[in-house]
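Chain nomenclature is as follows: A, B, C and D, assigned in order of appearance, with residue numbering initiated at 1 for each chain independently.
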Amino acid sequence: MDFAFFLIQLLNGLQYGLLLFLVASGLTLVFGIMGIINLAHGSFYMVGAYLAWSLSSMTDSLVAAILLAVPLTVILGMALERLLFRHLYQRDHLYQVLLTYGLILVFEELRSIIWGDDVHGVAVPALLNASIPLTDNLSYPVYRLAISGVCMLLAAGLYFLIQKTRLGMMIRAGASNRDMVQSLGIDIKLIYTLVFALGVALAAFAGMINAPLSSVTPNMGSQVLIICFVVVVIGGIGSVKGAMAASLMIGLAETFGQVLVPEVAGMIVYVLMAIVLVWRPEGLFGKA
Amino acid sequence: MISNGLPPSPLPEQGGNLGSLRSQAVTGAPILRTRGLTKRFGGLVAVSDVSLDLHVGEVHVVIGPNGAGKSTLTNLLSGDLPPTAGEVMLEGRDIAGLSSDQISRMGVGRSYQKTNIFLPFTVFENARLAAQSRTPHALRVFSQAEGYAEINQRAQAALAAAGLEHRAQRIAATLSHGEQRQLEIAMCLATQPRVLLLDEPLAGMGPHESQRMVELIKKLSADHAIMLIEHDMDAVFALAHRLTVMVNGEVLESGTPAEVRSSPAVQLAYLGGEELLHD
Amino acid sequence: MQKKSTYDRRGFLLGSTAIAGATAAGALLPAGTALAQQGKLKVGLMLPYTGTYAQLGVAITNGFKLAIEERGGKLGGREIEYFTVDDESNPAKAPENVNKLVQRDKVDVVIGTVHSGVVMGMAKVLKESGTLWINPNGGAGAMTGAACAPNFFRTSFSNWQTTHALGKVLKAKGHKNAVFITWKYAAGEEMMEGFKEGFEKEGGKLTKELYVPFPQVEFQALLTEIASIKPDAVVAFFAGGGAAKFLKDYQAAGLKGKIPLYGSGFLTDGVLDAVGDAGEGVETTLHYADGLDTKKDKAFRLAYAKAFKLQPDVYAVQGYDAGQLLAAGLDGVKGNVANKVGVIKAMEAAKIDSPRGTWTLSKAHNPVQDMYLRKVVGKENKVQGVAWKALADPARGCKA
Amino acid sequence: MNSRLTKFLPWLVVGLLALFPLMESTFYLQLLTKVLIMAIFAMSLDLLVGYTGLVSFGHAAYFGLAGYALALLAPKYETVSLWWSFPASIAICALFALITGMLVLRTRGIYFIMVTLAFAQMLFFVFHDTKLGGGSDGIYIYAKPTMKLGEMELVNLEKLEQFYWLVLFLMAATYMLLHRVLGSSFGRALLGIKVNEHRMRALGFPVFRYQLASFTLSGALAGIAGYLAAVQYGFVNPEILSWHQSGAVLMMVILGGMGTLHGAVIGAFAFVLLQEVLSNQAWFGIAAKHWQLAMGMLIMLVALYLPQGLAGLMQRFGRKPVAEAADD
């Protein structure tokens, strides 16, 4: 690999990492703040992608589809929190695993009933449908760069939300001490509903803006699910910063893994995760 | 039925080794001593440069306002927290930084400020598990747990000592708060410790129950080294052989109750000049 | 019960895609009922009806039933009774699932399935039971190779076949070296082998084999590597969503038009609607194509569209041919399926008049068939000609 | 239920199950064999989840590893003796559990769930991506192991009912073993760790070592199940150690009611039966195509309304409180 291609691979790795962050960010929030282990996160990602496809084929515009779909997913998130997740906060993680495992099956079948089992594509918005040439025969799609930009904005936004806003303060307080927040007269239930809805919307949003790149397929949710968990766990549960660091780490590891050690590329992220956790059992940025 | 005191011989089978312990005696070398013990959480210093001695036959009471670092100190001694600096010597061996189970097995038992028992188990099983920790029989996986007479006996004796033998078959969660505190002590005793770290054993107890607990501690002090953290001044002065006052993680004063009582620093800083210590 | 389990003509013509469900028979039939139905031929369909391959399972089922329906719903004079099992594309449950058909329902013939791993699990059980088996898709080489058996038949392809002819194609186009990219799993590796053998025989050189962990779809790193290798051509195998994403990424990376892309036909089958113009011009080899324009193909397409309100695809053809092959077998013994040797003989001798063109069976019971060169034009895999006439799988390791 | 009945009920059930081959000799016998194998698997996981308080989401690793161990230990076309291949496979599982246990037990809660998953995934890719065990298509065990005493064939594993009896015996033996172990000092310590790990440590129990022992034993028992599963169909595929498999066995444990051994057995029965029933097209027609929808909803209902599982449901009809269940 000469130096130019090394740089391009570096770019690939970082870009892939940012994409992972997009999907994993919602998971780490729900995980960290509400202590909910949510296997159905991948399903929300899938729902987002299918919504983007079906709405953009109706409206002929991905942007319009996203604007329509995001509120829908927020409502979905709030409903799920009220009807299901609320009953599980005090219970063992085990029941959360169980419930969300069931949810995966339900979403997968509903998807099959509503949207069928076909593979679909979503067009890249015309404005961003271009490529920047890098070498004589390789170029970089503008849309990928645009997504990277969105990811970074989102990361900044989340950081701001949690660290600087009143809602964020309440969220942080709620994470550390539920009773205390409640005794201050803050409606913790409402906060949890909002955080959960935010998590669902983030996952779905990731599915939407990723749809033109990844194409829309059955079972796409379970493919991203496990890797998201790896991101969250390596980064430290609940840490947006950690999720970012872990995403980039995994992005780079996978990219260079495929090129340099193709024989073991499939397990490289899991090895990475095992090493990190043996070294720091609570993740890179986790609280002990 | 809870009213008057202890059964005559609380821990019969302990007689032998406790006798030898007592020979080290009050005036000899301390069984547990700390020097310069310090714990920092980030920038916050919870315990700063604490040095104290515990002797068999003595109750060493630590008092201080909330947040003075008393519980943290207990955690440092029991191994629940590793100290940032300083040493903890148990019979001449530095145990600072050892894990809590190692320290427990070396003969340091503790009770918790917040009741910390096995709520779904019976009272007896709580005590039995504690007793089992000394003779674990971990490899005899085919012998049933209740089959060890000496463990059952020790558990029974510990319950009796704490005045809970009549509750043995109750589920721990159904006990009254005071009884749960008693169970906490019983479990501690069942591990046959030589050093007892008691973190506010009287908290939340009624006068009757408190009285019993004070009697019990007094009795135990004969053959144990006890560090007691307590707010109840009646109990403190009924029990203390030595008294240490902590403020902001530091030792303000340490000595006999009389010495501490007369210390101007204590009067000023801790008691705010009030006459609380007169009774 | 009896009435429900018979093949229902009207139900069929309604064209429900979930037709499999409507016609299935009882799972827990009391022994008496089974006796009463001796007259019927029991056909077990073991296909994916849930999960990633659900669509393929439905297409195969439809194709198969169309073939039977064209024969008046009877084979060798016997009515058909269907038994259906959803294999979920889960190899871990494959032996147990195929046992439902073999042992519980005591079917005369098993039709299935899509996923190679499940095919391997089925092979294990069916070899022992000796039940007649027609595989309408899964291309695992071993089924008609090392694990072959007299009762095993395949109406689709071996993985090796789908890429072997590409060697000739690339040579003819003047490409001297190529890179192969696929998922790291058995089917991908077998297709790579098939291509490598064909290409090297023509004097070409496979510069590099690139593998993406299955079922990941992040191709950027390897596309960059392809750009740095600058081969004369790229050959790829992916399927479904992975194929769609690969085609789009290949285009977005600017490689399309600079390094020609070839592939096993599955790269461009069933995904052209999803990829926009990213597939345009990609050339692949497969045993079926759009625009074959034979009488048989036209008739098949019309009938299929009419019955199911869907356009048929290569999977439907494979299912259809499974029905045809079974028909040939049963016609040979006048419906006496107990004469298994006779059925097998008749099937071995059959010349299947398929929408893909006429094909026969190899010794190992894999189709000897023409491999078409196809080119993506618009939303179709337009046939360009025959890349390899009557290509037979080498059936390595088959001793039966 | 009086206690006498409770005591003899397991034996009664085993006795009745032993008679099953007299009634049915093919499909349902094999299905039942599979259920019993899964029951062993579920019990092994229950030891961790229900008795040690460790939620493993990668337990299929040990199940699958035993299967692959047999496939790789056995010569390709000859039979292998069960006398050494069985203990060897299980020893491999135990060793792997010991090694992974030392690493995963450093973590707690969600991290533990995820790290166990990570190790299982690693193993999955080892068998999926390399030629070691036949790759993604899996590998055959052509000849079933033999069980001979001298020249005499003790159990002929080719015979369905003999294999069934062997599995039933091992299931009962596993139950007995765990029953004894859980009643022992060791088992009590595990329960204590589950209820209050912190207190156990303060009482002087080396918690890590107990957990590691439990993890290793659990891995070894999962290995028994995995070995038998591989023998049953003579086929192993990477999918047997996928996270779906780990999820399925976890469902069985919770569905049945964790922390009760018979619950794990009931869970295995119920889970397999549910799949059979819901996907039965004769009963549900077209709806059976979407049987996983019903399955998913049922799983959710259990999570919400049946935290003690089916065993807990049975217990509600007048049995002892849950905490004492281990005492009987």
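Everything below uses one rule, namely that a residue touches a chain if its C-beta (ideal position, glycine included) is under 8 Å from a C-beta of that chain, and two chains touch if they have at least 3 such contacts.
Keep in mind that this is a model prediction, so the values were computed, not measured.
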- What chains, if any, are shared contacts of chain A and chain D? C
- Note on the structure: Contact tally winner between B-D and A-C is A-C
- Message: Of the chains shown, whose Cα centre falls closest to the middle of all protein Cα atoms?
- Response: D
- Message: With centres defined by CA atoms only, which chain is the most remote from chain D?
- Response: B
- Between the Cα centroids of chain B and chain D the separation in whole angstrom comes to 44
- Euclidean distance of C-alpha centroids - chain A vs chain B, Å: 49
- Centre to centre, by mean C-alpha position, how many angstrom separate chain A and chain C? 35
- Item | Distance from chain C to chain B - Cα centre to Cα centre, in angstrom | 75
- chain B residues counted as touching two or more neighbouring chains: none
- Mark out which residues of chain A touch at least two other chains, giving numbers and ranges. 108-109, 112, 265-266
- Message: Where in chain D do residues touch two or more of the other chains?
- Response: 125, 128-129, 290, 292
- Pairwise chain contacts, counting only pairs that touch as defined: A-C, A-D, B-D, C-D
- Okay, in this complex, where on chain D does chain A touch? 49, 55, 57, 103, 106-111, 113-115, 117-119, 121-122, 125-126, 128-130, 243, 247, 250-251, 254, 258, 290, 292-293, 295-300, 302-304, 307
- Task: Within their complex, state which residues of chain A touch chain D.
- Result: 31, 37, 84, 87-88, 91-99, 101-106, 108-110, 112-113, 226, 229-230, 232-233, 237, 263-267, 270-271, 273-274, 277-278, 281-283, 286
- Message: For the complex, give me every residue of chain C touching chain D.
- Response: 1, 5, 16, 18, 20-22, 24-28, 49-50, 84-86, 90-92, 94-96, 99-100, 102-104, 116-117, 120-121, 124-125, 140, 142, 147, 184-187, 189, 213-214
- Note on the structure: The chain C residues in contact with chain A across the complex are 50-52, 54-55, 58, 184, 210-218, 220-225, 227-228, 230, 240-241, 243-245, 248-249, 252-255, 258-259, 270-271, 273-276
- Query: Which residues of chain B touch chain D in the complex?
  - Reply: 78, 80, 99-102, 104-105, 110, 112, 116-122, 125, 128-130, 132-134, 136-145, 148, 151, 171, 187, 191
